[in-house]
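Quick heads-up: structures coming right below.
In what follows, chain A forms one complex with chain B and a second complex with chain C.
Let's look at the complex of A and B:
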């Protein structure tokens, strides 16, 4: 098996830019410029990703490149761009090591990009930890803020615990098959079933649920979402969850697809329970980031429906869901970051009368939240529609019913925010000024979310092709 | 590709005005006018193409909008003689009315909003015209409804305008509910939304008679709502609360004709369905025409009279579709677009000068407003159907088609309607423009930006009927149908209808011009009848008093009770209470203590493993 290093050029480009940023950090005074370099690096990486071959395997089979990997890498780069932009907006609130903030964001993104290509349990684990360790540091970045410290510490300990389970599961799979490469494991699985295989399988799935923030490893999410600096929250919500699902799809569809009767029951249970838990617990929340944490748990449940469907349509639905989810999260968190700069608060009550103070900001949060809720004609609606269609097609009627009912329930807590923004007169009426770039960004994100809703055709057609790679 | 521009340009115009240029009134109006004129220029090419090759195959372009196994929805355009004709009407009349609006709406505070809504309307209307499938048509069908709602309620600070907008919207919902059910019936029977594909399936005999009848009647519900047919006609006269150019464009020339267009587009359905479906269509149309013409006799608001004349015209068109005269109906639609837009715009010019709608406060205006007066006269002659004005040909073809289909009751109704139209239209001309001067103030002719569109429309209102002359190749009916329609009795009908309308004009002249019989005397003599007419047969009252107050409010109260006590009290609050309590209980799991988190996680894994491996 050849090295095929050229397949990894995008990752290498990003790594070079990260090293460049580390060096520049010594000289540059206004650290926002480091962020700008990061933005440039992300764009260049994106260009490299366009040019790189879309099919192949590199590093002797440790990583592969296929259209699905490329699709997810693009998603991660979109996340990187918006998180870097959020971080630049957030810059004044960061007190220490401002430069490293941008660098760590890109390290996490690099980890995610490798995860999208991981084709070996060792690559998988190393990439996962590259992402996770960067995020642990980022979560605890506001070292003067006890909530941030607490968030980071909880994230680290629960994350380490989850990694332990994952690694334990991987060791069982290795012990059973004698391989760590996905392809070899998949081949060896065909020969027999056994208690330790199932045990290893389940431990791997459960270990991954930490990244997905689904049952049983969801419990860190509310504290970490609330306590972390908001750009980091957005990175965890948009990036880390997506990365978790890439791995889950590749592992469960490609490697463990042949033994899918073994794990489908577990995934169906996890999915239903997570949807119920996330949406019900989101209702009494008073902090918007905490509410979005539970909403994110709910979304993980919906995405698990796609895994449970274990079909091409399910994979396609998941990819489309993640696409709309990422844009909804980016829009919502951009609004939250900008608003918290003015108000200094993330409490839902602080959003009272936002539509009077900044119609665009209110509209962005409105569109983002309603897309998460799955309201037509936004992207989130089509995504949920596809997920349910995939579930029904595979006979998972019960799961689809739970999903639909909970989608209606989720309207309640999303509309609570909307009600405060639009229907209640504010005490402070001072308008919030937005500069041209921010306005353009907000418009852009909103347009994408609406476009994904009213004209999903080209995306779904394309993703249908991409989804075939998983099987 | 250029076809898609027809949809893109007005869409871009409306978003640009709404988001960017709304503070710059002139710029906004130029963007809107420019957009519709550009659309007209773009549509010239397909118009010429189909004029040269009237028997060419339809041109269809489409791309996937949604593709889920079992549900394929496309967005597409269908160009055939029919849609190209509509394209011409909408963009041409639309352009003139846009230009006219610049003068008419001058100095209005909501100028930009007005033009944004007009562009939205053009976008939606072109979407209907170009649609190649039912779903797309329905979406744009609702969008024109939205634009119409926004424009009827344009003076939303006036309660009557806000009410009229609401009424139009709600009444249309009733019709559209039937329409969407009809679409589902069709989809269920054929598995597609595409017009051409449905036509093929129906022609192949794959759909049962009952299904066809059901689908035809349900789809006709949409027509009844949009084209204001009895019993849903009540919204159209109230819609005159909107600015006059809106009445001309939306509530006369284009949108209300969309129902007729839908009937022409789905003519294959009514052709294949049992004849009862077409009978319902024809009789509803004929009845609406007669009803509206009768009511119009007793109205004294200039716009309302024209609105009822529009109802009568729409009734004619629907009747034509019902008796199988597709090209006759479309010819009427075309000429009607010109002369009715002209009548409204000329009436607008009068209203602009006098600031009143009451014809009894006008009179003798011809001396002051020569252009408005003469163009209005041409419009009225066309509407009445005097040879050689365009309305004559259109009405004649409809009556010939009705006679040929053997529906003698409808034919007689059509003749009576023509007589009544002749009376009230002549009355309108005599009372408004001739006789003694009863107005206050000093009216003067409108500026050229308003009169030039009037003159252009007057030209078309006068001569556009000649496209139907039998000798032409292609003439109107061979263009639409591919063969010559009509049949026996052409001369008989032409002579009869001409005599009837001349009699009508004479009656109006005797009463309103010569004062041979005083109008008041008639009103007093036939007091009860006059009251009935003045009150529009009490249909609106019936809706208000019985449907809205008794039934609707009764149902409303019942629902209100159910909602407050059962749904909110028990289900909502109850389930909200339960879910909130579950939520709180779940929140308690998140204690914040790390040791407990770890315990919960490990405990969760152990329980899950136990269940799924050993369970």
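Let's look at the complex of A and C:
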């Protein structure tokens, strides 16, 4: 098989910029400039990604490039841009090793980009660990804050356990088929079934739920979301979850598609339980990052409906959901980072009267949260609509009903924040100043979220084409 | 004939040292007997014509894991009498179920013989002809060079993490 290393040029460009940042870190005093170099690197990587061929397999079939992989790589680059920007805004709160903060963010993004292309269990596992180890370090970055240390420790321990599950499952699949490449495994699965296959499958799916933050490995999410530095929380919420779903889609649709009936029951159960748990547990939360953690668990449940549907429509719905989810998360967390610089607090009560102090900030959080809740005419509504449509079409009526009921329940906890921002009179009324770049970014994110809701046609048509690659 | 004698010597010694690991009261001695046990197992791997596995066994288990054990024991300053406090009493009833199950499993495999899993491109004849170390090296540096390089990035990140999380300096 050919090497085709040119398909990996975007990743190599990003890696070169990371190395450049490591070197520059020795000379630069104001570490925010390292972050700016990272932003430039991300943009150049994006340009390279536009030029690179959109189809092919590289490095002896260990890596694949298809429109779906390119779509997810663009999503990761968008995440990278906004997280780097958040990190630059967050710079003053990081006390030690400021330069490495930006470098590790891009290492995590690099791992995610490799994951989007992984077509072999060994590539998959190694890329997954590259992302995970970077995130473990980032979650623990505020060494003076015990909550950050607790977050990092919990993340590491659960992550190691989940990796163990995943690896054990992979070893069963390897033992059963004799191969690690996705294509060979898929071919060998067509020839027969066995008890060890099902065991391996279950272990792999359970191992992946750590990245998706769904049942059973969701326990880390609230503490890690609350304790990590906010840009890292956003990176885990937007990037790590998306990466987990890329892997889940590639693995379950492409490789394990032929043995669909073996895993669909498990996914349906995980999906329903996760939706219920995430949305019900989000209600009593007092901290906005913690609330978003449970909302994120709920979202993982909705996305699992798409997996359970196991159809082209399901895959398309998941990709559109992830697109709107990422923009909603970016918008909400940008607002949270900017607001916490002024107030120094992440508690929901601190948001009282935000609309008086900064209408734009309040509007961004409003649009982000309501898009997560799935309120029309925002992007999140169309995404949920497609997910439920895919479920109904595949006969998963019960799951769709649970989803719709819980989507209505989720309005409650999102509207609690909205009520505090808009309806309660604040004690502090001094306005929050935003510079031009921040204003432009916030407007941009809001416009995308609204656009995805009122004019989703071109995106959904295109994603429908992309989704066909999975089957 | 020589092979059979070597097998019984190494096998017997490994069982004996494994028993000594759990019957010692002093944790440091336990760890040292564990080293001896691992070396016997490595010798068994050589007899099974897996020199690579034997080398990894010595490097990873003897070289790294047990040394780590010893560090922990010395840092915690475990005394003989206090060692038993770290063993949970609740584990005993479980052990009574699990140990016979494991022995039964080993016995079943010993009677049943070979497992029938498919080996992919690496059949037994292929490995005997090429040697497992050589095949592994070849495949690692040709087909799997990409994951191999990603692992080097992973180690770089881990190194940075170790410095960031443990070093006090770095205030700018």
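Some notes on this structure:
We take it that the second predicted complex is superposed on the first by the 471 of 471 C-alpha atoms of A that agree within 3 Å, B and C clash if a C-alpha of one lies under 4 Å from a C-alpha of the other, contacts with A are read in each partner's own complex, and residues count from 1 in each chain.
Here, contacts are C-beta pairs under 8 Å (C-beta built on N, C-alpha and C of every residue); 3 or more make two chains touch, one makes a residue touch a chain.
Only a predicted model underlies this, so the values are computations on that prediction, with no experimental measurement involved.
Bringing the complexes onto one copy of chain A puts chain B beside chain C with no clash. Of the two partner chains placed around the shared chain by superposition, chain B is the only one that A:283 touches, whereas chain C remains out of contact. In the superposed model, A:222 makes contact with chain B only, not with chain C.
In the superposed model, A:176 lies in contact with chain C only, and not with chain B. Within the superposed three-chain model, A:158 lies in touch with chain B and out of touch with chain C [touch as defined at top].
Once chain A of one complex is fitted onto chain A of the other, the partner contacts of A:59 are limited to chain C, with no touch recorded for chain B.
Looking at the shared chain after the overlay, A:202 reaches chain B, while chain C stays out of its contact range.
When both complexes are overlaid on chain A, the residue A:389 reaches chain B alone and has no touch with chain C.
Residue contacts after overlaying the shared chain place A:31 against chain C, while chain B stays out of touching range.
Once both structures are fitted on chain A, no C-alpha atom of chain B lies closer than 14 Å to one of chain C. No residue of chain A is contacted both by chain B in one complex and by chain C in the other.
Remark: chain A residues 15, 29, 31, 59-60, 62-63, 95-98, 100, 103-104, 107, 110, 114, 120, 122-123, 126-127, 129-130, 133-134, 136-137, 140-141, 143, 152, 175-179, 184, 188 touch chain C in the complex. Within the complex formed with chain A, the residues of chain C that make contact are 117-122, 142-147, 150-151, 153-154, 157-158, 160-161, 163-165, 170-172.
Listed in rising order, the residues of chain B touching chain A in the complex are 63-69, 75, 576, 579-580, 582-584, 586-587, 589-590, 592, 594, 597-598, 600-602, 604-605, 608-609, 612-613.
The touching residues of chain A, counted against chain B in their complex, run 150, 153-154, 157-158, 161-162, 165, 195, 198-199, 202-203, 206, 215-217, 219-220, 222-223, 265-266, 269-270, 277, 280-285, 313, 382, 385-386, 389, 393, 409, 412, 455-458, 460-461, 464.
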